[in-house]
Every structure is written in C-alpha cells, then in structure tokens.
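In what follows, structures are represented as structure tokens.
Okay, so chain A shows up in both of these, paired with chain B first and chain C after.
Moving on to the complex of A and B:
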C-alpha cells in the first residue's frame, strides 16, 4: 500500500485536506447527533399509549340555550351512543391521550404533604371507561356503576376510589401492590383508595413532568365521575373492529338529530389525535432527516468535486505513473486510498466534534448521551460514502492513458 | 532487444484517418544507443510511445526483449513496461508532491519489491546520478538538470533492459544537457540499451546509430553502427 507517500503528498496540499477534512468532521458531528435525535423522536412517537387507538374516536357536545341541561344531555347521549349499531363501548371523558389538553394534579401519600410524590393526569370516566379506552386491567378492579357520580361545577372534592396506571403505582408504592393503598389528590382532603391498576395509559401531554423521569408520561389516574365543562361534554366511543368510520358518521348524525339545542363538535379519531399530537415531533424529524440527507449529499459532492479536480490537475502525473508501470487498478486504488485517508483524518476530528456537540446539546437541551453505535455507524457510513463518491473520479483517473506522459501539453 | 516488423499506427476519427507510422521496421540490439531524429509530426513520439508500450499499434509485429507484445492486455503491457523499460521524459515528469526518494520509489512499488530492496535501489541510483544527499528534497528545490538526473535515477532504479528517452535534454541549457548526455552515455556503457528521440543533431551524433523518421517511415540510418557487443554476434543493425 502507498499510504506513506500518499499521506506525505497530502500534507503538501494542506488547505484542501483541511477543508474537506473539516467538512467530513462537521458532517459526522451533525449527522450522528441528528440521527440520534431522529431515532429518539421516532421511538417517542411509536410508544403505545395503552389504549385502543384503531377503533376509537371522540365526539363533543356544546349546548346552548336556557333549557339545555348538560347532566341530562350526557346521560341521554351515553344511552344513545351505546345503543348505536357497531358501538362496542362508549364513555364520557374529559380527555384522551395525546390530545394536549386535560387535567392534572399532584398526588401525595400523606395529607397536607408539601411536595407531591408524583404528578398525574386525571381521566374522568364512568364504569365503561376501562372497556371504552381498551385499557388492560393489571390488578384489582375497575369502577362499578354505583361508584359513578357527576362532578358538579365548583366541586373540588375527589371520589373515595381511584384506578391508577402501573407506572404511577410503581412510583407511589415501589415494590408492592398499590391495590388497597391510599393516596391524596391535590395533597389535601379525604384520601382515595386505589381499587385497581391498569397496565398503561399515556397522559394527554407529550413531555409531561419530564423532571419526574421518562415514566411520568404514563402517570395517569382514573376518576369515577362524569364531568362537564360548562355546557361542553366529551365522549369516547369504541367501535367494533373495522367499523369506526361508519359508526363515527352515524354518531355525529344521531347526536345532531336528537338534540337541536347543541352543536356537535367534529368527531376525531384517535389516529388523528395522535398525528396532531406528534405534529411538531414529526416536522422536526422530517427537517432533521432533510438536513442529514442534504449534508451527506453536500459532503459527497464535495468529495466528488475535489477528487475530480485532483484527477484533472494530475492527469500528467497519472499518465507518468501509468508509464512507469502502474496498472489501471493501481491508479484506482491510489485514489480510493487517498480518499480513505482524507476521510479517516476528517473522522478523527469528527469524533471530537460529535461528542462536543452532544455535550452542548445535553447541557442546553436536555439531550441524552450519544450512544457509541451512532458514532460507529456514522463513521462507517461516511467512509462508505467517501469511497462511493470517489469511485467515479478514480475510475476516470484509471482510464488516463499512459501516453499522456509523453504529451507536451 | 526491440524489434518492429512492418509496424503501422493509424489514428482514426469518423472524418479522417492519419497514418502516424507505416511499414515501420527497426531492430535495436542489446547494448545499442540509438538516436531517433526527424521533424515535428514525423512520428518519432508515436514510435517512442509504441516502443514503450504506452500505445497500441494498428498492424505489424513487435517484440520487446524477445516478448511478442501483440494481443497483450493493458495490465500485461503495464507489467512488461514496469519490468523491462525505463522512461526519461523531456519535461522530467517528476511528481511535485513527492520528495526525490519517493519519486524514485514510484516504479519500484508497482514492481512489488520489498521495502529494504527498494531503499537500497533508490539510494544506489540517486548516488549514481550524484543526488544521494538530496533524497528528502522536493523537485521544485532542484535545477532542471538535477530534476532530469532524478528522472534518470527513477528510470534506472528497476534495472530496466531498455531506456527510452524523449528529448531528454530538450528543457535544459547546454551545460546541463551535456551533463545529462554524459550520464546517458555512461549508463549505456554499463550495458543498458538506450533509444533517444531528439531534435538536436549534436546529441544524435553522439549516439552509436541514428535513425531518421519522416512521415512515419524510416528514411535514413547509419549503415555501419559501432556496436559494443561480442564478436560473432549478429550485431549489425537490421533495418528491413
């Protein structure tokens, strides 16, 4: 291998070497960190919310007029929705996962505790809540019909029982069963007894209580109450598999028809809510992927441009090498090796830049430490990219005829 | 050492056909120093390119050191060139980014010699041309005459049987040209066959034999070459 003379010749073209090396180093740093962020976002977006999203939709009712009674309206709507063909279950609720709106409160283990033990999203549902959400009960039981009350406006008390997620149970009662244990919502008032634990239910907000750890997005509690916000009520409906869209249209039509004193708010599928919830993350992911592709393309073009320039500049040298006995493959190998060395030097600098950037992101944007596999993968990808980019110019170089050596121009 | 019989070289485009060499025959024996002269465009460089296996020929027969080069592929020609032929170019053709040691090393690496063998050969040949003390210098730090000496060292390092020189003094002043010419004569005296293309009649006169080329054909040659080959050999120049 001609590594030493190639390196020695490269050291005589320091400006080009530094420029392309720096470009490769920056590309490695940005691509590795961007890929890591993209991968984290994709992982975030692909998390299971814990509920049946494929068959469910929400629909809202906003009453108007003096005669409108929200409590009665909710009862009538529930009866109507549950009797609709194709409806598997329906329940009133204040919110659903990823909707970016809802109710949260601090949860304590003692009354008048100054700092909450955990934060929790609150899902107000009736006895069909578990079935409608499609959540999986891990321990204990869900609510019975006689435990359900209507949360009157201005009432700040909490019902005596609750069902919480396993993540919240583990936080509050690590290493033991939460069923039968007591906790305090809002750190005050009478305690609530945990009667059941559901496997998983994501909160409505992405990044909720991030200071409490990554599991905080699954700190949810179910409250056995029907709740309204003024004259607005929201329902969650789970259709039989494959019938969601059909049921959604029927529900909207029926609600419009049964009560003229309200506006039926546009039904939204959970799939749509998820898509809207992760809109910013998706946009960021697309932008970052665009940046990665653009950077790789620019780097590849830079390598192609530099190699093409060097081939043109060294045509006579190549001819001379051929005249002195170099085969075509020797010339091809020369340029591939030269690129390998340049890329390797750039990558060596890139390792420092990559972790420097990662450290800066960790310090300023709560990023996590970059796993080594991203660095290794990025280095291999850039080495391959460099070799692929230089292959064209190197092939052109290998086709320079040896007779060029004797040409005077 | 080199034998061409009725060799032709035709350059073709879709519009014209140019006969650079036609019915070109020459026989250069081992140990000869032959000067090839002729006006510009006469075919001297084409002859040199074909002799050095830098270009293919269109027809005829051609042997280098007894090896028939017809039908050889590019790799085979490269290896034969590397093993048996040394080149000296008018413009020296040194690689500016490599020091003298590495410049002389170029053909040796393609030959596959060991590092120790390469080092010995480089030091020997640079000593032979009087530049052993400047191995770490770059071409730009040398005079034209010194650069041509490096090129000669590079050509000799692989111990070629045949040295092809293309206007080796063309870019040198008369003093430097004389020095290079003396070096070539010394190399020839030590047994290396040399074919030199030149415009300079004074240099040509110093060769053992002159071949004059016009319009791609040999038109004149020395009938009585002075060869330094053992008696009894067929040492006469054979120009068919």
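Moving on to the complex of A and C:
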C-alpha cells in the first residue's frame, strides 16, 4: 500500500487530522495513567493481612457508669464466648487490622535512644490471641496463660514479654533472629523480651508510616494484656469454618442476655471491616474504570463517526478509483491505513502527554513513574481500537460500486 | 429569524439522528463526569461557615518532643493538652473560646421501649454555640456559671430529641448518659456542617454530635477522650497523671473579631509558651499557629488527593468529548457545503449563516448540558454509594448547577464556533460549480 497518496490526502484536511490526533493523544494519556493507578490500588487491596478474615468477627461491650466492673465483665464474656457452640477460638483485643483505629507506639532498641527505631501497632491479646487471629507463628512461642495480665486504666508500664511480626523483627534486628532479643516500648521503662515472631500481621491503618516503606504497614506487636478503654471492651471471635454468621448472632444474643448493665456494640465481620477500610481505594478503582470505559467508547464512536463522513464525502472518488481498477480490498486497505497513520500520529503526541500527566501526578500526589509496559500496552490497544472502529465504515466504502463514478450528483 | 434558524437546526439534526445522538451523548458524558467530580471537590473544600470563617481560629501550640516534630517538616500538633486547654480557658483572652473533645457514652432512655444505645457527644464550653452557631429550636446554651460549676446540663441534637421525645420541646427534661442524669437546657435544629471543621482530627465527614455537655463536667467524671490521643512520652499513672501529661487530645477554638485581636492573641500565646519554657516544658522553638477555618481545612488535607486526581482526569475527559464533538460537527457542516454555497448564492450573508449554524451547535450543546446535569445527579448518587462518608458533600448545590449550565453552554459554543466559522468560509462559486 502506497502511503504517500494517503498522506497527501490527509494533509488536505489538516483540521480533522489534528482533532482526531489530539483525541487519541489525550485518550492514551488518561487511559495509561488511570490504568496504572487502578492496578496499584488493586495490588494494595489484595495484600494479605496475615489473619483469618473469612471466619472472624469482632464484638464490643460498653458498660454503664462508674460502678461497672469491666475486668470481670471481660473475663465472663470470654468464658461465655469460648463455650459457645461453633466458636473455634476467642480473645479480647483492642483492635483488628484495617479497622482504622488502634494504638501505636515507638519501639527503641536502647533506653537512651532519642528517636525510636520504628513505629509499631499494638495488639493487646491473651494466650488465645494467635489462634483467634489465625496468625502463623514463624519462630519462638506465643504467650502462655500465666503471662496475661489486666492493663489497669492509667497504667503506662509494659509487660516483660512481647511477640512481634517478621517485618518488625527484620527492621529492628536485620539479619538475625529476634527471639530472645530485647526492645523498649517505653525507653524510660523496663525492656521487653521478644519471645516469638509471627509471619505477618497488618496494622489497623492503611497507609501507616508510608514514608518508611511498604513494610511499615506490617510493623505490629502483640502485648500479653487484656485492655479496656473506660467501660469499653472488644473481642475477636473465630468461628468454625462456615458458621461465622450463625455464631455472630448467637454471641450477640448471649452477651445482651448475660449482662443487662451494658450495651453490646454492633458485631462486625472482618470482611465488612476490610470492605470499609479499603472503601476509598475501591471507589477510586471503580470510578477510574468507569472513566476508562467511557473514554474508549467516546473515542471509538468518534472515529466511527468521522470515518463514516469521510466515506460518504468521498463516495464519488471511491467510485472513480473502483472504475479505474482498484479492488475492494485496496479501498478497504486505504481507509485502514489512513486510520493507522492518524492514530500513530496521535499516539506520538500521546507519549508526551502521558508522561506529562504522570509527572503531574508524581509531583503532587506521591504517584510513581509509569512503567513502560502501560504505555506500550495502551498504544497497541488504541491502534487496535482505531482499526476496529474504522473497519465498519471502510467495509462500506469498499462496497461502493464503480458505476457511482459515471453518475452525476 | 431565530425560530427559523432553530427549525433549520432541528431539521438538520433530524437528518442524521445517530450522529446527533453521538454528539449530544459525548457532551453529556463529558459534562456529567466533570461536574460530578467538581461538585465533590468543591463541596469538600468549600467554606462551611462563610460569614465568619476568617474570625474562627484553631489554636496550635508546639509542645512536642525536642527530638522530632509532631509531623514533618515542622508541624505543631493539631490538638492541645489538658494543661493548655485549662490555662487558655482561664485566661479568656479571646473574644470567644472553647476547648472540646469527643466522647462516646451509653445513653439510657427512661422509655423502656428504646433500648440503651451508645451515643456520640462533645464535651465543650458554652462559647461553642456562639462560635459555630448551631441553630437552636428550643432553649439556649448553658451559661458561664454552669461551666464553672460542672453542671449536669446538656444541649441535644434535633435527631436525639426526635428519638427520645418525639420532637417536642424537651427543655427541662432529663437524659441519662453513662448513669448520670443531665437536664436538657437546649435543643438544636437540624445541624450538619458539610465538613466537621471543628474536629478534623476525628473525621472531617463524620456526623455531628447527638449531645453537648460542659467540658468541666466530663473532666470531673474522668471521661477519657473517645477520639484521637497522641503522646510523645508516657504520662504518669492515673487520671491526674493523664491530665498533667503532654498528651494532646483536645481541640481548641477561639473567635477573634479583628486582625488586631488576632495579633494580640498570638502575642499572648507566645508569651504563655515562653513562660512555660521557663518551667521546663515546650522544648521546641516557638511555633504557635492560629489558622482560620479555611486554612485549617487546607492544612489538614480535607480534600483528598483522590478527589483532586478525579477532577483533573475528568476535565481531560471533557476535553476529549469536546474535541470529539468539534470533529463531528465539522464533518457535518463540511458535508453541507453545497447547501451553504447555495444559500450564499441566494443572498444569505456570512453573518446569517454564522448565526444559523451557531444555533444548531447551541442546540446540541444545551441538550448535551441538560442531559449532563442528569448524569451529574446520577454520578453524585453513585459517589454516595461508593463513599459512605461523603453523604454531605456528594450533592448538587446551586453554585454547581449554574456552573454546569455555564460550562455546557461554553463547551457547546467552543465546540460549535470553529466548525461554524469554517462553514462560513465556503465560497458560493466553488460549491455551485461542482454541481
């Protein structure tokens, strides 16, 4: 196929060329960057929190007034929950991953240290904590029942042992086993000995300490204490597989019934906590996918519209070419090649716009550099889209009978 | 003449309904997308109390650790300690001032049919009401004496009043919070600031409170905050240790009625901190701030990065839609070259042809804009579905409706102008010759 006659024909309608080219260029820039954001959000949301989310739920208890004995209330509730049919394990906890509320503390390696080595999320649990969360122990051991104490309100000391995540262990003690090492949750107090390391446990906050790298979201420590906030206590329950919803209802009913001087706070499954935690990212993903689809549709329809017009406008010329011996397929090829050229020109401009937009996102919104694969993929996709869009009108053009040339308008 | 052009326009549009639909749909989609994101963006960042936002100031004092700032590069904490809240309230140097914090208490209704529920409240001072101006339906705020006496009084929201008392005047009645009885002194009318600017630390788009009680009462009852509490060093044991600590957990707002008052207050704060430095507190360099409402909303990053990216991308999308429509209109007008040539030959002036085609472009633009408004409304419903928090900001307000109409007319004229101009360049002779 000769490209030169197509080019010279195009040059005679520069405006249309510029318009379609600009449209393609902008489409490429938006689609590539939006897809990149979408894939990063999907990656963020697909991270494993390190706990069993399928069978677990949290439930809370808020007692009335100064006379309420939160300490015995927690003990009674734990005994009741653990004896409930269908419960695999239960433990008191202050928070769970992704819930966006919790307690964090700076961790130091030496008492005289001025700034802490890392920030860690604190999970206050008892000896069943590991089993209830469904976390995997990588090294050492978890807490024993005799290590568990009750954290009195206003008490700011820390118990002598802790279990930390592998991510935190690698940060604090790179290259060596953390078990048996000491750290300080409060460098004016006594040290804590690491007795075990769990494989993975996400902190409650999405994007926690993000300036310290993606691992910081897995800097968590377990504390062998039952804790209450005023009269509020929270429990995590893991049901036997498949029985979560039934157990959740039973637990709520039983807790309401056993102690009347309190409110049983809305039980929430970990699935729901995850959905709410990632709500913003999920919404962004859906919105951007919507924009991408709409944009591709508008661009494709625009190409169809423009190509149809050109075909109609050139009916007579097509007829003349056919009369002079051009085959149907050469007419088809003419329009396909024309679209290929226009799209390519648009894509060339699009590369500049794509990286311009990416630069703007990096400068203002902590985005990362767009990998080349997105640009390449986007360009190929748009070329194919253009060819697909022009195929209909081009086929129509190829069906113009040669006799048209002989007719006057 | 205008109606004749309208007729011509409609006739021309009807000749090619698919293409017309394509152009209108393109503009509508572009307007719908960009107006949806712009509405959310605009309402997130818009001034929640425009008549006095420059007079209301958050108080920030830098009592953080000598070793590192509260937030890099050198941001002071967004809340204050109990020690400062107490000292600043006692000094009373501002025109109005209120310390406040978030509490969650169980509410135990007398009516046995309503089960006890946990309920969101705020412990604050009487000036809260004068500063943020929630409308009162019944009664009044409590007074200074009641602040001083730790009185068991409360102001309740209209929603709570509806729930407990069926919406009637409940002033003088009692409400039981965490086993303590409070006398209702005031009932608010519906009040939900779009952005909960007086406590951004605990959620910019959270619901407003169900009740307000004196700060002094909540302190006497040893109520710990239900909101954020940040410490750079551990507090001493017990409640008194907590109150004496450098932990920040209280929002502190002042009203300063003039620039002079603001300068005076800043001088007072600096003086206060310098006095504290002599006592060994406030180890960091002087870094006190008095951001007003809009500066506070900006500094606390209320408008999320995602919302800004959405606005940027949706406007780029609008440009694509416009370019698309320009191309299609151009193609359409060019195809009518012979008709235009004929009309020119029969005596139509360029001006008349220009008006005629601009009317045609305008019809497309305005229809696109109107459908775009409907799409915006649908888009905002979708945003509410996607972001549970954005219920109060994902709505169509009249500024945005006017902007949408203006934007679609501008878009249509922009899209129509160039093709129209091109159409008018057609010389009658050339077109007639090819006939």
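As a working rule, the second predicted complex is superposed on the first by the 402 of 409 C-alpha atoms of A that agree within 3 Å, B and C clash if a C-alpha of one lies under 4 Å from a C-alpha of the other, contacts with A are read in each partner's own complex, and residues count from 1 in each chain.
Note that in this section contacts are C-beta pairs under 8 Å (C-beta built on N, C-alpha and C of every residue); 3 or more make two chains touch, one makes a residue touch a chain.
Remember, predicted model here, so these are calculated numbers, not experimental data.
By the document's definition of touching, neither partner reaches A:174: not chain B, not chain C. By the touch criterion defined above, A:280 reaches chain C but does not reach chain B.
With both structures placed on the common chain, the touch criterion links A:9 to chain B but leaves chain C unconnected. In the overlay built on the shared chain, the residue A:320 is in contact with chain B alone; chain C does not reach it. A count of residues in chain A touched by chain B and by chain C gives the higher number to C.
Shared interface residues of chain A (contacting chain B in one complex, chain C in the other): none.
By the touch criterion stated above, chain A contacts chain C in their complex at residues 15-16, 19-20, 22-23, 26-27, 29-30, 33-34, 37, 62-67, 114-115, 153-156, 186, 188-189, 211, 229-232, 262-263, 265, 276, 279-280, 282-284, 286-288, 291, 294-295, 298-299, 301-302, 305-306, 308-310, 312-313, 357, 360-361, 364-366, 409. Of all residues in chain B, those touching chain A in their complex are 45, 48-49, 52-55, 74-75, 78-79, 81-83, 87, 89-91, 93, 95-99, 102, 105-107, 109-111, 138, 154, 158, 166. Residues of chain A touching chain B in their complex: 2, 5, 8-9, 12-13, 316-317, 320-330, 401-403, 405-406, 408.
Residues 19, 22, 26, 29-30, 33, 67-68, 72, 104, 106, 108, 115-118, 178-180, 221, 223-224, 233-239, 241-242, 304-306, 308-310, 312-314, 316-317, 319-321, 323-324, 326-328, 330-332, 334-335, 383, 386-389, 418, 422, 434-435 of chain C touch chain A in their complex.
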